[in-house]
Amino acid sequence: MIKQARDIPTPVKYLINLALFIIFLVVVNSMIASKTISGYYTKVIMLIGINIILAVSLNLATGYLGQLPLGHAGFMAVGAYSSAIFMKAASALPMFIALPLGLMIGGTVAGIFGFIIGIPALRLRGDYLAIITLGFGEIIRVILLNIDSVLGFNLTYGAASLKNIPKTTTFLGTFICVFIVCYVIHTMMKSRHGRAILSIRENEIAAESCGIKTTYYKTMAFVMSAFFAGVAGSLYAGYLGILNPSNFGFMKSIEILVMVVLGGMGSMIGSVISATVLTALPELLRAFADYRMVAYSLLLIAVMIFKPSGLMGTYDFSLSRLLGKGLSRLPARNASPARKGDDR
Amino acid sequence: MPRRDPHETLIPERDKDKTPAIECIGLGIDFGGLTAVDDFNFTLGRTEIAGLIGPNGAGKTTVFNLLTKVYQPTRGRMLLEGRDTKNMTTAQANRAGIARTFQNIRLFKELTVLDNVLIGLHNEIHVNLAQAILRLPSYWRCERVARERAMDLLSIFDMTGVADKKAGSLPYGAQRRLEIVRALATNPTLLLLDEPAAGMNPSETSELMENIRKIRDMFQISILLIEHDMNLVMGICEGIAVLNYGRIIAKGTPEEIKSDPDVIEAYLGKKGH
Amino acid sequence: MLQVNDINVYYGPIHAIKGLSFEVRPGEIVALIGANGAGKSTVLKTISGLIRPKTGSIVFDGRDITKTEAHKIVQAGLAHVPEGRRIFLQMTVMENLEMGAFTQKSVSEEDLEAVFTRFPRLKERRRQIAGTLSGGEQQMLAMGRALMSRPKLMMLDEPSMGLAPLLVAQIFEIIAELNKSGTTILLVEQNAGMALEVAHRAYVLETGRITLSGTGAELAESDEIKKAYLGG
Amino acid sequence: MSTVISQIFNGLQSGSVYALVALGYSMVYGIIMLLNFAHGDIIMVGAYVAWIMIAKAGLPPAVGVVAAVVGCTLLGITIEKVAYAPLRKSPRLSLLITAIGISFFLENLAQLVMGAGAKSMPEIVSGPGLSFAGANISFVAMVTIVVAVISMVLLTILVQRTKMGKAMRAVSEDMDSARLMGISVNRTISFTFALGSALAGIGAVLYSCAYPQASPTMGSMLGLKAFVAAVLGGIGSIPGAMIGGFAIGLLEAFVSAVGLSVWKEGAVFAILILVLLIKPTGIMGRVITEKV
Amino acid sequence: GKTEPGTTATPSADTGANATAPAAGGTIKIGLLGCYTGEYAQYGLAVQNGALMYIDKVNAAGGINGKQIEPIIYDDKGDPTEAVTAFNRMLDDGVTALLGSVLSGATMAVVPEAYAANLPMITASATAAGVTYNEDEDLVYTNMFRTCFIDPFQGEKMAQYAKDILGARTAAAITETGNDYAVGLKEAFVAKCAELGIEVVADEGYSKGDKDFKSQLTNINAKGADVIFCPNYYEDDALIVTQARQLGITATFMGGDGWAKVSEYAKAEDLEGSVYCSAYAPGSTPEIKQFETDYAAKYNGEVPGMFAALGYDAAIVLLDAIKAAESKGLETGSDEYKAAVIDGMKNTSSVGITSAYSYDEFNNPIKSAVIIKLEGGKEVFSQMF
């Protein structure tokens, strides 16, 4: 009972997390405004944010659901293009309406594609699912490349790139999205819906036998994963201002997958950390000049050999849990530490 | 002792006036050329503990797979509490009241023991996605109730102490017990146990027997089990069906089965038990 | 024939086998019994080279095999029928048996016939994919496969698990028969009653240590054993 | 008519290279369930080895060919020993990422050492073309098809008739069980990599004959196509890889032939998807029955 | 906008050509951005080599206004995303001007940001029309210049050439569909053909990494075109020509400036008679000969191609403009200084090795195309066109 009193009550934990996050936003944002953080670092930080969303969203399908989609870049592309086309057309709308709307459109269109692709793809297993999603990803790219010349649209501009997209993505916008995406996935995973998704990864037949509608949950996780990839794509479009289908090829999907696996399958914090590291790494390696990409690939191999389960394994980290542990240790040593998973 | 007709229905007196938990009529399935189960007629009382025995490869597990809709039958019908189960999926069959364990354990190995049970409780927790994400009070309430219920269920087998352990790290026997708890969590009316005592030593087995009875009494459900351990089968089953080459060759009480010459010939062996 | 000297085995931090020593003499049936998780399977895996002991030594047929690779141990005449059967699920029954004869120059018809006479079910199902066999059929296949390598010493990990009573009796008969025809046998069993009946000698394993040993008959009479393993 | 025949041979020629490469993919996948992303890059290395021997050192083409095959074989074994063997007990995806890492590494290293531009490959074989029903079939095309088919037949015999072939199947299903059968798992895996890489070496040579250039990224697209071919045929199956390779080659030829070359990639993938939806394990893939 | 020389002139006195006092006035940082690794690295590195060669030459001669030119080199792998971060890093490093990027996509990603900072920028190889002109907003990026042709210019030129010189009636095209450069040239070519009355009988595509073009060529062969326009990069083009000849196609091949160096990749007899337009005719003038000798000496015997030459020219145009700004006595790196550099480029009278430069209203160079013909395995200057 004494232990009970020392535990941080759940709402307080949520408030602590929220407060920490807001402090982070405000501090970094003012540092950017005052140029304490230079334009270069700001760009890198924003890219990190976008990659976090991509990695975390793929982790939902790969780490939690246990599938291996290799077409994540396709969803990102669909989201990026649809939101970019909207943003270019919606220049009359005020920013506080256009921006969220653009993100929603990017996410929704990607989600719809996720649904269309997920229904057939999820009937397959393992590496066959991988290849079929890879195929869909490539088809999306080919369509984006050729649709204008065939139908006479002026939508994607094919190989000539979709240019002059309003550069609406800011640090604040990106990281609010990062927060929302992480929050939604985290809370979902800690509910019966998340457990259903995990059970499918662990053993599909057993999950069915427990009365879980596996097809529904597989599709749901897949669509959600696509939706968030679409949001990341939208942010990317507003970040770069120019889109070309060739930037959303198979290698981009692989890049995202590397982030997820390197971070540790099924570990959200792992995905966050490895998205950060892998985005920053090529920048840090600039000193190596010509040897940059060789060094990058060697590091990747080394990490996998020495830490095969990824940087974080399946460990999920919680600030408030850490705080709680710290607190409970302070006064009375005999109080047993809070049980794992108590923070839900 | 006079022999019964293998197609006769045989349910305990107390269940006679209730709808049977399950009723199979001429159920059968083929795999390619192989007829794994044929002409399977079987009725199970609402609170009966029954046994399904037979030589290896007789089709016992296949019957379970038919009942849980893992396989769709080639022939025949199956009524679950009077409802036809045609076109149901495994998940629907579960929600309609059938839960099972597996001959080769299928736990969610990387998840905790508690999570395994909570997944079993999936359809007992009524929280939609929005409530869960927004962490509305209903979410907290349902989660708490579910956790309490999960712990209650675990306590049947004295497993509350390992609730936080990874399911895959448990000893074999404990994994078998956890599968039963998980199946119970889905709130079934019919529980199917596929060789629950496999890999247990005799003293563990007798403890299991106690628990199976306890479960039936507590939840007032029917239990159908496959087992090769005759001490267990003869000890707790009220009715027994014997399967050989996919067909029921005998039905009856343990006493009747023990002395059935066909069963001795095909299954028990001369020494008997 | 087999000597295990003071071995210690770890799974990461878990100390599974603690200073274990025992021996199997030529022509014997030796049983290893013990509760769930006592470490019986671990002992067998260590002997057949699938896992390595941290310390201690294992001598088979006069040769130190502590550091020998698993496949060489098999070639030296030691067969291991692992827990959970571990047959090749995607191969047919026949192909599984052929794999069993991998150490032989060729698949001998005699050996095959011998296996089929012992397990007629396998002959019936020789073209079936092993993964679709019933549990008991798979167990038969696992034993049959091990026999194909003509082992001097055969280690069986819970061969009766999941088998029909008639077959359990049969399996133990086969074990006795195999032994008579010259194969030494190390047997791990939950079914302690049957195991002690066929075994010349037996060891009782508890949490990685041997707590009792003696002839099969002696142990079957022991009160401790009766209480803990024979259910009465 | 002559156009149709030309297109068939076009398809067969590129298809036979795909098939050779797909075989390597399939064999490695078959044994350790790894999508060996570095496989295409092994071909790239093979092409550079041939180039160095023939163009740089001025050795006769035959020496270059042998060197390429030997080089690829050694490289394949080395990669397995250094990068994949330590991960034998790790999750499959970690292995996949390592393979991707190796692929990046080889490409970037090649670029660093050999320069980013393509190297022009001197002629390795030459001979008279064939005119067949009005269609021109080049000598190189004929050599490619014939060599590929012979290699595949030899491989099939090797895998089906020898003990090593059996060992490969056993290892692919269950390594520990294979050990208990007396099979050396390490040797079997090395052998598989050696074989797959040797095929890659032959592929490299044929590829360099047909498309006489070597560049650091030449393996990635070829690898991806071959991988698709392997999956289409049913990954893990040797005849599947051949069928898949030829199917992709012919498909590409026909899609182009009907004037849809711009959509070629999309069309190939669309057909792949269709096939997988109808037969989820590929054309020759065996349905993996999971007994409940 | 134009900037008057600042009234607050820099204290630096040596506005003249005080060439023998290096480092006296510090350095002038110039960013070099491009794909120096990755699959397009050969183009990036060629541009870099060419540019560095001129920069070194200027530095060796004492720099500009006593200040050494300090190249800040960052790789973008040809990826627009990396180009933007690398560019911002250059801004942090304090570059005065930017020479880059190499590929159109990466360059177009950077230009709007450079424009916002009014940073002088010149590319040697980004040929897309959109590099200097934002058509959505009808805005010319006034800070952005280039030494290469734009895509439409080349496509149109070659169509005209096919009509006037080759007398072609029918044409076919084969292009890498994902490549903005190839597609840009092809589209201009096709449009111009329609205008000139040349029938385009086949318009084939292939994807990046493809090495087998026989199916497409079989199609073209069946349709029978007089000329085949093949505006890709030289490695692919060489394979296309080789395979076409294997199939018995005799049509004349035509290409864009991506063909430079094609002779190293295909047999002489296969290439014989093919033509392409270029900004660079190897060995055609004494200056170019000198350049080739110097280049070979500096980069262990390598033969420079068009990319290196245009990189060299871009450095000339940029450094000339910087010289002009320096001569106005402005503070190096200041906003006025940058404006002056831009101004210098806009009104340039620089003479590069490939051409003399002046710019039109879209900041595209006004220079005529060189037609190169392949004869006996050599790339021979044929005519200006």
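To keep things simple, chains are lettered A, B, C, D and E as they appear, and every chain counts its residues starting from 1.
Methods note: a residue touches a chain if its C-beta (ideal position, glycine included) is under 8 Å from a C-beta of that chain, and two chains touch if they have at least 3 such contacts.
A quick note: this is a predicted structure, and the numbers were derived from the prediction, not measured.
> Which is the least count of steps on a path of touching chains running from chain A to chain E?
1
> Which is the least count of steps on a path of touching chains running from chain B to chain C?
1
> Taking each chain's centre as the mean of its CA atoms, which one is farthest from the centre of chain C?
Max centre-to-centre separation from chain C belongs to E.
> Roughly how many whole angstrom separate the Cα centroids of chain D and chain E?
Taking the mean C-alpha position of each chain, the two centres sit 37 Å apart.
> Between chain B and chain D, tell me the centre distance in angstrom, where each centre is the average of that chain's C-alpha atoms.
Centres of chain B and chain D (C-alpha means) sit 49 Å apart.
> Quick one: report the Å distance separating chain C from chain E, using the average Cα coordinate of each chain.
The separation of the two C-alpha centroids amounts to 75 Å.
> Take the average of all CA coordinates in chain C, do the same for chain D, and state the distance between these two points in whole angstrom.
42
> Note the residues in chain C that touch 2 or more other chains, in rising order.
132-133
> Multi-chain contacts only, two chains or more: what residues does chain B have there?
61, 70, 102
> By the touch rule stated above, which residues of chain E touch at least two different other chains?
37-38, 177, 208
> Under the touch definition given earlier, write down the residues of chain D that touch chain C in their complex.
163, 166-167, 169-170, 173-174, 176-185, 286, 288-291
> Of all residues in chain C, which touch chain D in the complex?
Residues of chain C touching chain D: 48-50, 69-72, 74-75, 79-80, 82, 86-91, 95, 98-100, 102-103, 129, 131-133, 145, 149.
> Considering only the defined contacts, which chain D positions touch chain E in the complex?
3, 6-7, 10-11, 13-14, 108, 111, 115-118, 120, 129, 136, 138, 140, 207, 210-213, 215-218, 220-222, 252-257, 259, 261-262, 264-265
> Which of the residues in chain A come into contact with chain E in the complex?
Touch list, chain A to chain E: 38-40, 42-44, 47, 88, 145-146, 158-161, 163-164, 167, 236, 240-242, 244-247, 282-283, 286, 289-290, 292-293.
> Could you pull out which chain D residues touch chain A in their complex?
On the chain D side, the touching residues are 29, 35, 83, 86-87, 90-91, 93-98, 100-102, 104-105, 108-109, 111-112, 224, 227-228, 231, 235, 262-263, 265-266, 269-270, 272-273, 276-277, 280-282, 290, 292.
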